[in-house]
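Each in structure tokens, the structures are laid out below.
Each of the next two complexes has subunit A plus one more chain, namely subunit B in the first and subunit C in the second.
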Partner chain A sequence: MSVATAEARSDASAYEREDLLNGCQAVAQGVRLADVDVIAAYPIRPYTEVMDAISKLIADGAFDAEYIIADSEHSQFEIVKHASSVNARAFGGSSGTGWMYGFEALVVTATDRLPPLFLVGNRALDDPGAFGVEHNDAMAIRDMGWLLAWVTSPQEALEHVLIGYRIAEDKQVRMPMALAMDGAFLTHSQHIVKIPSVAAAKKFLPPYDLGERRLHPDNPISIAPQANEDWVMEIRRQNWEAAKRARGVIQEAYREFNRVFGDRYAAPYYFDEFMTEDAEIVLIGLGTVASPARTAVRRLRERGQKVGYVSLRWFRPFPTVELRECLSRFKAIGVVDRDFAHGSPDNGGILLHEIRSCLYPAKNRPAIVNFIGGLGGRDLSIADAQRMYEITAEAAGRDSLDGFVTWIGLRE
Partner chain B sequence: MSTAPIIDYERIKGVKNVPLEELYTSGHRTCQGCESATTMRGFIKSAGPRTVVTGATGCMYVANTSYMTTPWIVPWMHTQLGAGGSSAVGMAAGLRALKRKGKIKDEKINVINFSGDLGAGDMGIGGISAALQSDYDLLIIMYDNESAANTDIQATGLSTYGAQTTFTPPGAKHPIMQRRWKKNVAGMLAVGHPTCKYVATACATYPPTDYLNKVRKALEIGGPTFIHTYDPCPKGWDYHPRYSNELGELGIKCGLYPLYEIVEGNIIYTYDARKNGKGRIPVKEFLTKQGRFEHLKDEHFAYIQKMVDEMWDEWEMPGVAPIKGILKARI
Partner chain C sequence: MIKRVEVNYRGIFQKNLGKKIGSDIVMIASRMGQKAFSNGRYSDSPERNGIPCKYFAFVSPDLSEEELEAECGAKLEIDEANISLVLDDTMCKGVEPWGWHGIRPINERVVEDGCLIVFSRKSHDELLKFIGKKPYNYRLAILEGDASLAGLWVNKDDYTHERALGGIAAIDPSLISIEAVESYLLDKTKDPRRAGAARAAYESLRQEAMPPRVRTVTAAEGIDWPHEIPVLPKWFEMQEGAVVPAVKRGFEIGPRGQTRNPGFKRGTTKTQRPAVRFDLCTKCTLCWAECPDECFDPTADGLYDIDYQYCVGCGKCAQVCPVKECIVMVDELRFDDDSSPWEHWKRDPQDYIRWVEQKKGKERVSYPVVTGKGMILSQGETMPEGKIVPVRKTEEVDV
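Moving on to the complex of A and B:
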């Protein structure tokens, strides 16, 4: 039975110390280790603590970077984009409505094929105001040419700053990277984190080199001119080709990470499987849904139920082939969405639609049900997870329940 | 943190001494008589080749950088409509970090953003304000043709009172749809940013070489700097393209467009429209040469004249800041 999570073995020599850090503080350490050149900050809960932590590192002389307090998220993201264009490694981030406020800048960062990294501390979109996690903010960039991944622990968050920059900056890719992390549950929960050594980080992450596309007087190029119908289709296609190439680059990045830091991540890297080897019923979700789900799996297994959990890490590019191969061996799948797609074909969440589409060509197509839960930061409890497993099990082999959507924890 | 002067420029004395080197050259498709093209060509002649430029969305983006026919000899990049200030900050910060960390050669590189009145004066004013609070060496030039000239001539916050635009057409019930008084961007930025060492207004062609030297002065003084240029637009202002230079000159001479520079807090009039200076011609002489004011009646000319006279005769800082009272303490 495989228990392949990010908390797997590691090579002690690649890590210099342990510290008690929350998700934001862990990402700040990743930013330091990536030797980022330009940081642009703007406050919004919950991602904002990463900027607090970075500014303190700079103030204390532990880290050298330009630190800019922007006047809005739009300016913040534009600063990051343009710093990236002159070949400076740049970092930004946001949450919820702040992410949406700067959306125009996020779109052009991708179409300009620049590779900065952003932390998205997932937060519900206003109105009504809510500080808690919901995934619709980060999901909004899913069609815009970004790399998008969710992490499930501060350790993974730190390591994915290094992994993210490596993939994003690769010459075959050059796409911006959004590192998504559940607000509060991960941004502000403390874990013991192993901090890589500077030498190991340097060994893994090569210097940022835009090469012939850097903006500098020695390289007088024009970036993003007016192209119109003459060339826009070809340029869109190039963006997509880059996203396709990213799949191979992602694989190579994790293999190299494992070489430097020990056997940290299990193939195919895009997702982690928990107790799925003989499982018949699985749930799949993003981020911290993994915590109650894994506990529920252990408890249900004690009662002899063949259940497992798949924690999806990479959402863009979507691991279509790998996930199809993985999921088509189960009898029923419960997709847990911490988001909602209003007016969508299946009246469910975004992840549901992606997974149903992914499984449509599969020879053995399991029943798929959907759970909308934990919106606005509401807790998804172990009892909720157990209930989701029960509902999913009922759908196994019953076509009438395929596509059934349940709102978990809703007062009705 | 203080910023050192970036390049030791020579003052350009007379048009015969303007640099011959063209860094903004063929490949663009601006309109006949486009003053903004002259503004663009001028700033990069003044700044020289060790410069990186961003151009915000606007007519001078759309008309200047058709894919594969770029007119730019220097590195150039598009930035979003409201991102003029932040694009300059991003590039300046990136270059400074790379130089400090030894990742690129430590040399002087100018950072210039070119944004229009809609981009810089309306949408992007917050970002420019933030840029002027920073300690980066950068120059933001707002080319002001008083409309969204690429999108069909719509009014902006900088359009002259009474002007006809596609958003402000004169009608039987409302002869004046453009009822907002022109936003005072240079004055606002100068007054609001005590550590910004240089803010100027200019016109590419009048007085000759004045604008070119203001660009050089901004880059030489260093830190974040701002220049507002006044750019007559044949298409938007509705006049024959041959009169662009004359209209710029008349706009300045009638006092509608004050010409000055503020160097570390000192205002220097580069055309003195005050009574004790060279004085002013009537605004009507400027306005009646343009189709966009064809619908104006005597009462409208009188109102505009009154506002201009007030700006020059009653403001404590004529043409710069609309403060009429002297300092008094109420106890």
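Moving on to the complex of A and C:
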């Protein structure tokens, strides 16, 4: 049982001060502490605030970096990719349709195996124009050779800038990292954040070194020339190998983070379990839905119900083995999707399909139901969470479930 | 049973011609009640000027269309060719379509008792000086004529297309018969001259034709192939991140003093090569500066050697050279190897001048940039040793 909060576990000497920061500002502090060299920016809500916060840090003299305003997300992401190829630690980010607009650059950043970090302030995909959170934007890169993780608090957001660069830049990995964060509910929600010291950040995050792939006149190479059918399968296979190696690197990065900053994260690190020891019914979800879900768990526990919550952090690489071991202990699972997968096998969410696939080889397969909720920034309340636990509990022990996908918060 | 036809053509210059021949084989074979389809080697596109490319046609008298497609379709390269048609005889020196493919023999896919049909004015023996040995007998047929070179969207209407169909009909009447070729061309064009051109080509390749133009090539004939075919690296042997290490930069004065990419030479792109009279050179540097492929190597005496392995025969050097008869484009098949002309010149200047003048001959061939205009012949001349004439434009004349 664990919750990643700075108060719960941390080594005070590794943190220098506290400040009231929202998710974007926390990421900006992470970018400062990671000593990022190049930032490329183009505004779109809710990501915009991170570029505001970084530019203010630079203007205030608190941070020194190349800060480039691009003419579009496509150029922005290309700048980040190119900076990364010349051995500059680079940062970018976007939201919703802006993220999608730069997709060509995002795809090649992965195949070129470069390790910049991007913030995705999750936003619904237009039309209709909507600013609120929905996870489909970040999910779009799930099959493209990226690292993809969700955070649930400004504290985690700050720390995952450091953790993210460390994993992405590791010689065994060298993949781009997307750090996803719920738009509005996290990007614009202020909390007291413990800010690590520069020395501790430096101790944890080694300098970026692209080595033999560094694009430089002293190291003449071509990156991504025209490659026909003779090469592409081998390149894809290499990408898969890097994703496999990332699993070990992720584990090591969290262990090292715990050594430097105190016992902050619990194994297996890919997800956090809450009150699951003796639980029979659990929900699993990504991002800020953790708060109402955990609160619902506490209230239901008071009534003697054996419920728990699993907050999934890492989506790529998907923690298949760890999650299978975890989830096959329960009687029924409710998967909460803040996204949708239209026309998919189960007519449910993306996370549902991943988890059902993950559990297929399990000896003890729990019943699974799915909840589509909070789309377009609609809130998911404690009452909603309690209702999801009730529906999931009804599914326990049943083989087939009619209409096992429930839309939560829909006017009907 | 499947009959496979491969059309080897020069990228861009013969693209339309190659496709037209492949398409009409399908149409004619279909009219004969056979199943057929055609396609191009997809990786040839986007084609570059002169690069060796391929178009294919597949014909079967007994298979269903789906079976024929399953055997021959959705493949990048033909497995084997019963007939391999060559629309430009300079491709007999080998073909290198892409980097890492190596320079391959023109008859690589020809099966036992299959046939290589070449448009050429050369003899069988002259062509076999360049063609690789096969471990079995096959046939070499020559359709007398020049390479028909035009532009991307057009082909020169010089009956090459009709003659190719007639030639194939002579080699394998079960694939397409001459009667079916004639009736198809007449139905399609209402022009008896086209059917006549096909018939004339057919007659020229018949066994009883004089002089005989189809000859059996035995296993002993041809050359030991001098070029290595590269083996592609395995996935874990490749640099990650789609990264290709640069060719190590190096430069020395003298022949082949610049480092160049050994994985893609592109020399088989050329139909002509620049022949140089070093004694007429004013050392103006224009050929060296303008060459798009950096084929010229500076030498200690201020002259420029040429690395023909990398020359694509674009003719830019001959175009910019300000001296009459100093750089002249010459038929590639007149040359046996890619050795350094400058070294020959240094070894024996008199012998070199005699040699290069003999290679140049009297005719100057040029291909105007105007698309589809085709080849232009003009009269060349032999310049006395050391006589520098700074006006090199020649008049167009009929030869």
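One rule holds in what follows: the second predicted complex is superposed on the first by the 402 of 412 C-alpha atoms of A that agree within 3 Å, B and C clash if a C-alpha of one lies under 4 Å from a C-alpha of the other, contacts with A are read in each partner's own complex, and residues count from 1 in each chain.
One rule holds for everything that comes next: a residue touches a chain if its C-beta (ideal position, glycine included) is under 8 Å from a C-beta of that chain, and two chains touch if they have at least 3 such contacts.
A quick note: this is a predicted structure, and the numbers were derived from the prediction, not measured.
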Is A:Ala168 contacted by the first partner subunit B, the second partner subunit C, both or neither? neither
Comparing the two partners subunit B and subunit C, which touches a greater set of residues in subunit A: B
By the touch definition at the top of the document, which applies to A:Glu229: first (subunit B), second (subunit C), both, or neither? second
With both complexes superposed on chain A, which partner does A:Gln238 reach: first (subunit B), second (subunit C), both or neither? second
After lining up the shared chain so the two structures overlap, which partner does A:Ile221 touch, if you call subunit B first and subunit C second: first, second, both or neither? both
First (subunit B), second (subunit C), both or neither touched by A:Thr111: second
In the overlay, answer first, second, both or neither for which of subunit B and subunit C A:Cys326 touches. neither
After lining up the shared chain so the two structures overlap, which partner does A:Arg213 touch, if you call subunit B first and subunit C second: first, second, both or neither? second
From the superposed pair, tell me which subunit A residues show up as contacts to subunit B and also as contacts to subunit C. 220-225, 227-228, 230-231
Which part of subunit A faces subunit C closely enough to touch in the complex? 111-114, 174, 212-213, 220-225, 227-231, 233-235, 237-238, 241-242
In the complex, the residues of subunit A that touch subunit B are 35, 37-38, 40, 64-66, 68, 70-72, 74-76, 78-88, 90, 104-105, 108, 207, 215-217, 219-228, 230-231
Going by the contact rule set out above, which residues of subunit B touch subunit A in the complex? 49-52, 54, 61-62, 65-68, 70, 72-80, 82-83, 85-91, 93-98, 100-101, 103-104, 109, 126-127, 129-130, 134
Taking the touch rule as given, give the residues of subunit C at its contact with subunit A in the complex, in rising order. 43, 76, 98, 100, 232-236, 238-246, 249
